[in-house]
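Two complexes, one shared chain (subunit A), two partners (subunit B, subunit C).
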Partner chain A sequence: MQDGGSAFALAFGLLASADADLLEIIGLSLRVSLTALLASCLIGLPLGALVATCRFPGRSAVMVLMNALMGLPPVVVGLIVYLQLSRTGPLGWMQLLYTPTAMIIAQTILITPIIAALSRQVLEDLHTEYSEQFRSLNVPWRSEIAALLWDGRFTLMTVALAGFGRSIAEVGAVIIVGGNIDHLTRVMTTAIALETSKGDLPLALALGLVLLVIALAVNALVFVMRQAAAKFAYA
Partner chain B sequence: MPECTAKTNALMPLEVSGLNLDLAGQLLIDGIDLTISEPGVTVIMGYNGAGKSLLLRLLHGLISQTSGTILWAGQTQSNAVRQRQAMVFQSPVLLRRSVSANIDFALKVRGQLDAAWRDELLELVGLADLSARPARLLSGGEQQRLSLARALSCRPDVLLLDEPTANLDPASVAVIEDILKSACAEGVKIIFVTHDIGQAKRLGDEIVFLHQGKVAEQSAAEAFFTHPTSQVAQAYLEGRIVV
Partner chain C sequence: MNAGRLCLLAGLLVSVFAAPGTVQAAGKSIFIQSTTSTANSGLYDHLLPRFEAETGIEVHVVAVGTGQAIRNARNCDGDVLLVHSKPAEQKFVADGFGVKRLDLMYNDFVIVGPEADPAKIAGMSDVVGALQKIAGVAAPFASRGDDSGTHKKELALWSAAGIDPAPASGKWYRATGSGMGATLNTAVGMGAYVMTDRATWINFKNKNDFKILAEGDKAMFNQYGVILVNRAKCPDVKAELGQTFIDWLVSPAGQAHIGAHKIAGQQMFFPNAK
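Take a look at the complex of A and B:
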């Protein structure tokens, strides 16, 4: 076991030499979380738009539920997906457990409520502002949704970034359904958990640094979006 | 050019009978009977809170009445009827897009995208130089002019205007009044809320005075300003507060 100082030096060495294992792990992390984000946006944005613009019985209950699901504990999502995908589970025949696909499914379930609930809020505020004018212009429902999504695009991108931030950093769900298998399902967070417990600090530290940089980049992007929105008075 | 350039007005007369609007237990529009059959400009006046904006919303079908009927040339409100009307709201609602994109949006909804006509309108309201600017960065008066240009873009038969010149400088007011006069000359019926007595005198052919959700008076403009028949209208014109 190394002391902190030399572990840091080794970690920077790994980063500087673009260590193959390291790159593989980072690559898989990005692939899993970005795919999950895409799937979540495809489900969450239309859902958010629907709830934002339509009045139907049980709408308040749906909104409360969406907000509550934003706080889903990752391990619970992992457990539920595990039970579905395990060999004895209803979807066991698909043999997805311990694959990147299983991880994508778990993260999609985890962040879809975030995308849906936050975009619902954004789109509903816009809808409240625009609805009389749109009614006056006889804007059909589909064009209205399209206009809301377009005019809310900067804020919606910050919503997507929030979802991405949560999925790239979570460990509970992916470790249960992915299993942290080397060269197959090992992502940054699960690798950090494992390597730290094994005492291999340089790899853990190097991955931790990459995660921090990603978090920083996400927040910088959010900032840039806000600036752009304000500049064009889209806010 | 798109069709709906109307010389004869397809939505006149407007017949309102027994119109009530009850919101949160308050009768805000209280049994309005009103017939507007003359072409030209009908000005709706009244104290703050009289129900002028609510009446325009009801006429345009943006809110539904509690009871009573509104007939435009004998038809109840529908998309087809509303298609022939345009409204300018008391506070303009503009999309988070450029000035020209705001007009394009209204044209596109009707499948009548026409860049030349859009530019002509922007020229008309004096916004041609600002066409690429984000609409929400315009000044209050510029936003009102843009919202009027958007309303005109669809060549409506009826224009419903809620204090469209409230934030404008005198030169812009004159420009807008000229635009309204020429629209009127082309046969567009204008129903128009204002607190500006001078403007009502300049533009109005007929005045409807609302008070506490009721029509207190409906008279020809000249008669209204020389001998208002209702006490409230008299008080209003003299600048007195009535409770």
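Take a look at the complex of A and C:
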């Protein structure tokens, strides 16, 4: 298995050379996945908080559904979004197919259930802990949610990282709605799929290692921010 | 850590979003739905910069199997279709989705397999005979199984050989349901014979001990065609820009560029537009 060793060397070379094409692909990967993450948090966190704090009929069904949707197959999401955005589809007039926006939409659909379901669990646990206090102080519902989101922020960061991990790593959805078009919609995972299909396994593996380094960097960044924020909060 | 450093981190994040090269050019551009062999062999890397320099039109290539490329084009998700399955292309035009089909270029299919060659087909040029030998000893054979141009060709050859591989599916006949590259990887992994277009094979880097065993049969001819998607069915098609691209491809200059594309000294495609 000489591929492994040469892949490491190749990955290091790729990173060291700061090849313009590679940087473009890395940039697009981050832009698509981080934007999708932001959108998912804007939708998923309030949704999770709502389900965590409110009692309504069908709540259990909503919870089961949210949990089940965490297992959405990326290729199915890609197909559904493709059918909507295709020029003959209902949203075809927007001309979004084969653009980074289409990829962001697909990934947002993919990871919103993860953010919503996990944050629901986090916030519900916190809510149980705080409920008596809330009741005794007669805290209004909106402040209640704000307090939960704020006090749960460190755990919620990990929730966001889970969503980011899913979006940066998936290939099934973005290759269908993005088309893996050079200099337009090619991201790390679709580039890896392409090199694999060309039989260039060392290069594909090297790109995979680069992707790992990116994920590592993002996680390290969040860790540092979290440490800093914690120090700031409890200082 | 202080607020200043947090701001720095936030700034870094923002700069990722605003990274250069991510802004879409507002210039003239078309989408072509294409087969993978043309993209994987680097033909577009060879042709498109020249075309863009001459006309200022940017060409975005979506490279998928012929079957999927045609389906995408039927959904109006492309301006030009460039694939290799003449009957399917003619149907596409007959159904009103394409304006006109033009021959563009050709190469040929080959059968590759492991050095051990259990069916003893090395050096054969009679492809039907080779397939019969493979089926005769039930040697593993990997099929695309994805409705691509190559898959359709392979099925036509099995039928010419008087063999229906369907009952053997999952035994010696293994339909991968994936692209040419993925199927080659699978075939190499399990030591199976596989039919591929020559351009993809020459470019393929994970050959292991595989080599071309059967080639040179007239029946292995692989014709590529190019079609402008019909504005009558798809009003958003950029017909003028697409036609400019097609005209350029079939022009003497475009044909010369196609013929000049070589990898390791081997010509990938042979222009034959009329």
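The definition used in the following text is that the second predicted complex is superposed on the first by the 196 of 235 C-alpha atoms of A that agree within 3 Å, B and C clash if a C-alpha of one lies under 4 Å from a C-alpha of the other, contacts with A are read in each partner's own complex, and residues count from 1 in each chain.
Just so we're on the same page, a residue touches a chain if its C-beta (ideal position, glycine included) is under 8 Å from a C-beta of that chain, and two chains touch if they have at least 3 such contacts.
Being a predicted model, the structure only gives us computed values, none of them experimental.
Once chain A of one complex is fitted onto chain A of the other, the partner contacts of A:95 are limited to subunit C, with no touch recorded for subunit B. In the overlay built on the shared chain, the residue A:140 is in contact with subunit B alone; subunit C does not reach it. Judged by the touch definition given at the top, the superposed model places A:201 against subunit C, while subunit B stays out of reach.
Subunit A is touched at more residues by one of its partners, and among subunit B and subunit C that partner is C. Contacts of A:232 after superposition: both subunit B and subunit C are touched.
By the document's definition of touching, neither partner reaches A:46: not subunit B, not subunit C.
Put simply, subunit A uses residues 232 to touch subunit B in one complex and subunit C in the other. Contacts from subunit A toward subunit B in the complex involve residues 129-130, 132-133, 135-140, 143, 147, 151, 232-234. Contact residues of subunit C toward subunit A in the complex are 1-2, 5-6, 9, 13, 16-17, 19, 21-22, 24, 31, 36, 40, 60-63, 72, 75-77, 179-182, 184-185, 188, 203-207, 234, 236. The touching residues of subunit A, counted against subunit C in their complex, run 24, 27-28, 30-31, 34-35, 86-89, 92, 95, 97-100, 179-184, 196-201, 221, 224-225, 227-229, 231-232. Taken together, the subunit B residues at the contact with subunit A in this complex read 57, 60-62, 79, 82-83, 85-87, 89, 93, 95-97, 105-106, 109-110, 134-137, 154.
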